[in-house]
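Structure below; questions to follow.
In this document, chain identifiers A, B, C, D, E and F correspond to the written order of the chains, with residue numbering beginning at 1 in each.
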Amino acid sequence: MAIAMLSDLNHGQEADIFVLMTAKEELTTRDGKPYFRVGFRDSVREVSFPIWSDSPWGVDCREAWQPGLFYKVRAIYRDTSYGPQLELRKIREVCTADSADGFSPALCLPQTRFDAKLMFEELLATAEERIGDAGLRGLVVRILEQHREALLTLPAATHNHHAFIGGWLEHVLSVTRTCVHLADKYDEYYPEMQPRLNKGLVVAGAILHDIGKLREIEQRAQGAEYTAAGNLIGHILQGRDIVREAAVGLEVDSEILLRLEHVIVAHQRLPEWGSPKPPMTPEALIVHYADDLDAKYQMMSAILRDDTNAGVVTSRKNALHQKIFRGGDSAE
Amino acid sequence: MAIAMLSDLNHGQEADIFVLMTAKEELTTRDGKPYFRVGFRDSVREVSFPIWSDSPWGVDCREAWQPGLFYKVRAIYRDTSYGPQLELRKIREVCTADSADGFSPALCLPQTRFDAKLMFEELLATAEERIGDAGLRGLVVRILEQHREALLTLPAATHNHHAFIGGWLEHVLSVTRTCVHLADKYDEYYPEMQPRLNKGLVVAGAILHDIGKLREIEQRAQGAEYTAAGNLIGHILQGRDIVREAAVGLEVDSEILLRLEHVIVAHQRLPEWGSPKPPMTPEALIVHYADDLDAKYQMMSAILRDDTNAGVVTSRKNALHQKIFRGGDSAE
Amino acid sequence: MAIAMLSDLNHGQEADIFVLMTAKEELTTRDGKPYFRVGFRDSVREVSFPIWSDSPWGVDCREAWQPGLFYKVRAIYRDTSYGPQLELRKIREVCTADSADGFSPALCLPQTRFDAKLMFEELLATAEERIGDAGLRGLVVRILEQHREALLTLPAATHNHHAFIGGWLEHVLSVTRTCVHLADKYDEYYPEMQPRLNKGLVVAGAILHDIGKLREIEQRAQGAEYTAAGNLIGHILQGRDIVREAAVGLEVDSEILLRLEHVIVAHQRLPEWGSPKPPMTPEALIVHYADDLDAKYQMMSAILRDDTNAGVVTSRKNALHQKIFRGGDSAE
Amino acid sequence: MAIAMLSDLNHGQEADIFVLMTAKEELTTRDGKPYFRVGFRDSVREVSFPIWSDSPWGVDCREAWQPGLFYKVRAIYRDTSYGPQLELRKIREVCTADSADGFSPALCLPQTRFDAKLMFEELLATAEERIGDAGLRGLVVRILEQHREALLTLPAATHNHHAFIGGWLEHVLSVTRTCVHLADKYDEYYPEMQPRLNKGLVVAGAILHDIGKLREIEQRAQGAEYTAAGNLIGHILQGRDIVREAAVGLEVDSEILLRLEHVIVAHQRLPEWGSPKPPMTPEALIVHYADDLDAKYQMMSAILRDDTNAGVVTSRKNALHQKIFRGGDSAE
Amino acid sequence: MAIAMLSDLNHGQEADIFVLMTAKEELTTRDGKPYFRVGFRDSVREVSFPIWSDSPWGVDCREAWQPGLFYKVRAIYRDTSYGPQLELRKIREVCTADSADGFSPALCLPQTRFDAKLMFEELLATAEERIGDAGLRGLVVRILEQHREALLTLPAATHNHHAFIGGWLEHVLSVTRTCVHLADKYDEYYPEMQPRLNKGLVVAGAILHDIGKLREIEQRAQGAEYTAAGNLIGHILQGRDIVREAAVGLEVDSEILLRLEHVIVAHQRLPEWGSPKPPMTPEALIVHYADDLDAKYQMMSAILRDDTNAGVVTSRKNALHQKIFRGGDSAE
Amino acid sequence: MAIAMLSDLNHGQEADIFVLMTAKEELTTRDGKPYFRVGFRDSVREVSFPIWSDSPWGVDCREAWQPGLFYKVRAIYRDTSYGPQLELRKIREVCTADSADGFSPALCLPQTRFDAKLMFEELLATAEERIGDAGLRGLVVRILEQHREALLTLPAATHNHHAFIGGWLEHVLSVTRTCVHLADKYDEYYPEMQPRLNKGLVVAGAILHDIGKLREIEQRAQGAEYTAAGNLIGHILQGRDIVREAAVGLEVDSEILLRLEHVIVAHQRLPEWGSPKPPMTPEALIVHYADDLDAKYQMMSAILRDDTNAGVVTSRKNALHQKIFRGGDSAE
């Protein structure tokens, strides 16, 4: 049977698919019947359905299946009023040979639509071209290179915006591109400002503003989660740590380093959003706005994509806590 | 004697200058001595000093001088602990012949550093090139052309950001440029968004977001002031009025018009900043961020220029109600 | 069989009733059994219950019944722990001949307890008697007459206060009556105020403060909903539009018109409640208080009527988000 | 010389006047010259001016004059840029014989425009006619009669609204009148409410909502001040104390008494305004709105009377912390 | 069969237990099957499970069992995915003879881990030793003694902190101990403060700060609930009442009494937490902090005990509305 | 002439004193007379008065005197309505020989009433005795010893609480003592808490919670000021830096270190007070409360000491932004 993507299946279609098991929870119905609620996903679609303990799969489910492992499954896909479900025909753990059929873990996790390596290269190139100060440039490049592997897959958050594999790169590159534009523009507008806008610092701040996510969140099969230090300290302070640790042994001007730390510390702007200090420099101001817009725009875009409310507006239950206009009816 | 600019004079220098009288207030010292506090300005510097009633200029000041009129003055300029002052030698109202010596009212009011006509032309050209929908484009062009004269000099505010002649154009053009960039960028990022980003609407919204300032503020010699309707209704609602009135008789798609109105209504984002609705469309979101950054950046730049506090940071008494970092000492 | 009102039926009673279908939703039980959840209502009571797909009514329900249509139904009424339900015996769509048996659509929707036409006439009469300025009076009368039909049934809101047919009239008339009293009273108290209280303007503001609901909400069988413009712009701005549009061609003093617009704009007082400006005139202040009290009083009254909590206070889950005291136990 | 009112004098006019001394402060000019700043007032106008220590009045001022005493003064009145002032010709303390010339302390303190005794009688009559429950009526009447003397002069506040002699009566009577109207109206609107609106309780609550001012503030020559208990406990709790103390020995239904206490406790509605509980009964809701409107209306009226700002709006520095529209210019 | 504690039973164990019935609610399943949901508890564990109407216990449950009564039950205990449940074998109401088997109502309600009488004695002793002023000491002792019986069992709240039998004593004693320490300490630190810290007043305030709970809450089998007066007035005001009433006839210095009332009134510090006045004396400041810490510490401790979230932190759904760190993983 | 303390001088007394010059500002009177405003202080009293340019001291003042230097002055002290002033008779810079007469810089700056060295020793001893974990104890001791010299004089703030020499030690020792008490107490109360309270961590957190002040503020003759990094980053983050840097090379358990960092990060509790995270551990909760009370108590004590308002309460213009009760009049 041909191998398909779970997310491509139509109602009633049977196929072989590669999926990641994301959940297995032991439950009982109201009248005492025991079952497992299991979850499987590929990069786009997630299904969740019951395995009754006394059904043919009951024993395997209890004894063998484990969340976090990848499976090859033959199943019939159905859209139901409880959401998408699978009727299992066969199931076994993925094996090495499956690579030949196209299996790769990346097929089973939500991820950026862009090529992570290209994004990384562009970020690195931007640092090298746009940061004039040698010390600062060296610092940014060192951090990027040290964490290359992790950054290629890091999400930007556990929920909310860019919460998928490669989300950090997608978000940070977007913010950096906007910052390159804004830095050029505002330096041209206010050439007499004292001290003059440090365009390289804007770029460095854009690249590193969320670098603390490396320590704040941890990727697991079930999705990203906060680390202990992420909970107790938070990515804003952890990002500044990474910068300060990387600066040891490099020749970075102390005021420039301080200003870079401030961009990171202030990038959420409001204390209730996690920034102990508001933007007190033009560089921090620009990075804040570019970052905030990018996050909000991604969320609004995702809400428009996912909301199932009928009518001209979405529901208010979403990451932005407000209705988004979908359009259609323009009657007054 | 050579004609100079008030703002170019050094301590102790005597010169002929063209100035606008901005204030004349009758006062008495604590021990009962009557005097006038008068103000004069050119486009950059403002001076304020006493004319004692029993001094040679006392009678003229009381009977003849009027705030809002332009004067040719010969005076000695002094920096004092009370700020810049003038010791008058001669003073007469400006006459037609003074044009030959270079007088123009624009010399005496604070204004944009850019060429207003060029900015206006760029704004118009942007509308024509970037707004694909004919009805919407026609609407924007009509409004710009109808109000050309007023827009060439309109400030963007009475206080706070861009509060000078041509400030509206400087601010709006800057916001529009940013919006052109962001609209291109985000449309490319999220091509599958439903409905797709209306890039022309972003540009139209950028151009018109503050158009209500035409009715909210009024220029006077003493500076811009709020009109009655500006106080009771506010520029957000008044700007929407201008758009709706101009749309009468034009073929503008009703949903596009509604979305444009929403961009204006929502551009301050928070109710306490005057927006009865938050941005509910991607277009409104982009315009809000571009606008907010531009206003804050201009304020921060002006604070860095004007603050006289000693030390590494400015005072907290400024338009942003926070300290701005000036730099210098990077000691930890 | 005698025709009865759904809201008059007792547990176990069988009768013929006229009802509006308000909902039909296709669902599946946890163990996969398909059914429809349907809703029917008369003006006071709403019932919601399942129609199993394999029951006698399953096919008709799926294929024929439609929310928004009126039905003649024979059924047995039951109070259950799931709320009121119907056991259907017969069902057919209402036909012309049913009028002879007393059917009218108004029987099936929640509505004001008062006579809408009498309320409208009183409102109109109040405008004519209490607004001294001819231009202002003409404006108010024109608006009322132009929208007579819609205003006779318009609710005052989609949820919260006065959310039923005729709710706008009930609320607005109540506010207007209060305003007549308060305007007389405060003008007598502060006869020397400059400018003197414009009593006619208070009345005009009371009548028109919520006129924007005409454009903000739309009535459907399932209840009132926000229009696209209602979502993006809101009734405060839309109400001002109606006034400005109606004023075209009438001789209304420009300051009086501006003050009337301000009453509408400011009537919610706080920005987070939708008013971009706070009341800045005595007229706006009076209308705000009369309106706010009327809305809150209706909500408190409805909470006391509907809350099913045991004990001396209601639950906190209601339109006022607080407990209301019901009384009974006065122990300290 | 004819005896005049200080508040009737014109610039330059000389007259004999009766005044209260409100202030005497010993100061020194910047260059060391000692003087006293003294204040005198009648019921409408207050003047404040220096008495130089080495002037003819210097010794008397230092040794004899006392704030809080009444004086007969012959003086020339002048409007100056420092505000209204007096040039003293004669000054002596008021004596018994001055009554024959019309002196009375009430001439020298700001006070209500209405007749305090008539207001008190109306309040009492309203209690007797409008409170049906004998126990409640007896309670209200007892409190009014016990405190008759103090209530005839009590101000409603030390600053803000109704901060003058008789202000309590003026404010409370106005609130009570409004409440009589609203109680009749809303009882008629919602006759089926359970429990039904207690109209007598609304009236009792209106009369007693601010009764705690009796203990919160204290009248002195210099104006009303907070007592120790007023500072530490506040009039809301103190008013409830008065009610509870007066109820001892009377036959008041315990639930009615509790509801009356709640009206007092909740009458400011918000915790930050001093109410530990929000209005949880219809009676408390009505009293809150009637009270709040009355206070705000008096403030707005006083701002319009006192503000000296030029232009269409008042300054923002006033008891309402916002601009009030004065009108005139209605240009858009 | 041996008598055991419900809270000591293991999955599958059968035993005789004494329990309190806490709930009996008549319900119907989605498909119309009627049943009762019943609850039973001992001091530590609560179980809730269905009794089907057609099961052997159906009739007894409907007709005889009553929440609030104590039962002797033989049952098999089970941990299920719906939480702990009982399979009943026998059930009868507790009778006098059961005391011989160790039954006491206290076995069936959640309560303090400490000995209530000892706590009460310590509180009384502290008052007698630590309050120097005879009048104040007499007042505190009188109140404690008058309410001895009630205080031995009073909870400190209906939810949140110390919401169990004896919770008031546990909390108040803990606050008082902290206050004894802090009063000694700060008096030693600031011996020159004017007026000097009144250490006895700190202790009196600590003991009485929550005395109003006596009137605010009422104990029932189902748990503590707010009284009518508790809802409408609140324990802060009610506590002050108790103090004022007890002071009648005692020789308490009026300023000391006022300061004690203030400690009670201000002990929550913020208006939104119920205090109409913030701490305005050092005594009130100390009591506030000792109280607030004790409540928060008890909540945090209970959250750590009860939260079932996996991972390094608890859920955010708890009395503190925030995540609490449980520890374990310290990876950065 | 005997050498006295400035702060001991009475009105009119002449003496030799040692003082620090704190200010020299060049000014001009309104009518153009130039002068210097100079300030001098000892540890308790500060005086500020004019030196006229044309007076005997004019030239010396302009050319020689420098803020930040110490002077021996002979002068007559006067209390005036402008505050305390000096009439200079002699003035010269302090020289080495003055030590013999008792001069020491510490005489001229506001400072703690306690012996700094003793406080430091107690802090160190507490760390050694109370912190059981060797790694943690070593960390705390290392930090204290490394910064011994600076900590002996560091103030706790530039304004607000403990803003004087040795203020850091005074505040931190007080907080630590309270924490020792509370940690013992709460560990005894909740011995079963999981994980159990780490008492040593509470003590370590108390000692180090404000250690970042070392980098946030800088002492100058004119008083403490914020450093650049203090402005841009803040003491909470800087304190955590100091701890992390000191931990390098020490054997500190990683979870204990993380929890210690969290105590520092969370010690202000609210984001708007500078803490990006709220207390999420019992240790952080205790340190927060002990710290907050100590700061507020010191402020309240200082307000009671310094406020000059007449009446029963202080002014509201103080570090706590509220009135403090001073007492005296207890009239209701």
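In this text, contacts are C-beta pairs under 8 Å (C-beta built on N, C-alpha and C of every residue); 3 or more make two chains touch, one makes a residue touch a chain.
Everything quoted here is computed from the prediction, not taken from an experiment.
K.L.:
Would you kindly count the fewest steps from subunit A to subunit F, each step being a jump to a chain that touches the current one?
P.N.:
1
K.L.:
Note down the smallest number of touching-chain steps it takes to go from subunit A to subunit D.
P.N.:
Tracing touching chains, the least step count from subunit A to subunit D comes to 2.
K.L.:
What chain is the most remote from subunit F, judged by the mean position of CA atoms in each chain?
P.N.:
Chain centre farthest from subunit F's centre: C.
K.L.:
Pick out whichever of the two, A-B or A-E, is joined by more C-beta pairs in contact.
P.N.:
Answer by contact count: A-B.
K.L.:
In whole angstrom, how far does the Cα centroid of subunit C sit from the Cα centroid of subunit D?
P.N.:
41
K.L.:
What is the distance in Å between the mean C-alpha positions of subunit B and subunit D?
P.N.:
Each chain's C-alpha centroid was found; their separation is 44 Å.
K.L.:
Any idea how many Å lie between the Cα centroids of subunit B and subunit E?
P.N.:
Chain centres of subunit B and subunit E, defined by C-alpha means, are spaced 62 Å apart.
K.L.:
Can you pull out the residues of subunit B that are in contact with at least two other chains?
P.N.:
In subunit B, residues 228-229, 231-232, 255, 258-259, 262, 280-281, 313, 323, 325, 327-328, 330, 332 touch at least two other chains, as defined above.
K.L.:
What chain-chain pairs meet the touch criterion?
P.N.:
Between chains, contact exists in these pairs: A-B, A-C, A-E, A-F, B-C, B-D, B-F, C-D, C-E, D-E, D-F, E-F.
K.L.:
How about subunit C: which of its residues touch subunit A in the complex?
P.N.:
Within the complex, subunit C contacts subunit A at residues 26-28, 30-32, 34, 215, 218, 225-229, 231-232, 238.
K.L.:
Given the complex with subunit B, which residues does subunit D contribute to the contact?
P.N.:
Contact set of subunit D toward subunit B: 29, 50, 80-82, 311-313, 323, 325, 327-332.
K.L.:
Write out the stretch or stretches of subunit C touching subunit B in their complex.
P.N.:
Per the stated touch rule, the residues are 228-229, 231-234, 236-237, 240-241, 244, 255, 258-259, 261-262, 265-266, 270-277, 280-281.
K.L.:
Touching subunit A in the complex: which residues of subunit B?
P.N.:
174, 177-178, 181-182, 185-186, 189-190, 192-195, 253-255, 258-259, 262, 278, 280-282, 285-286, 289, 292-293, 296-297, 300-301, 304-305, 313, 322-328, 330, 332
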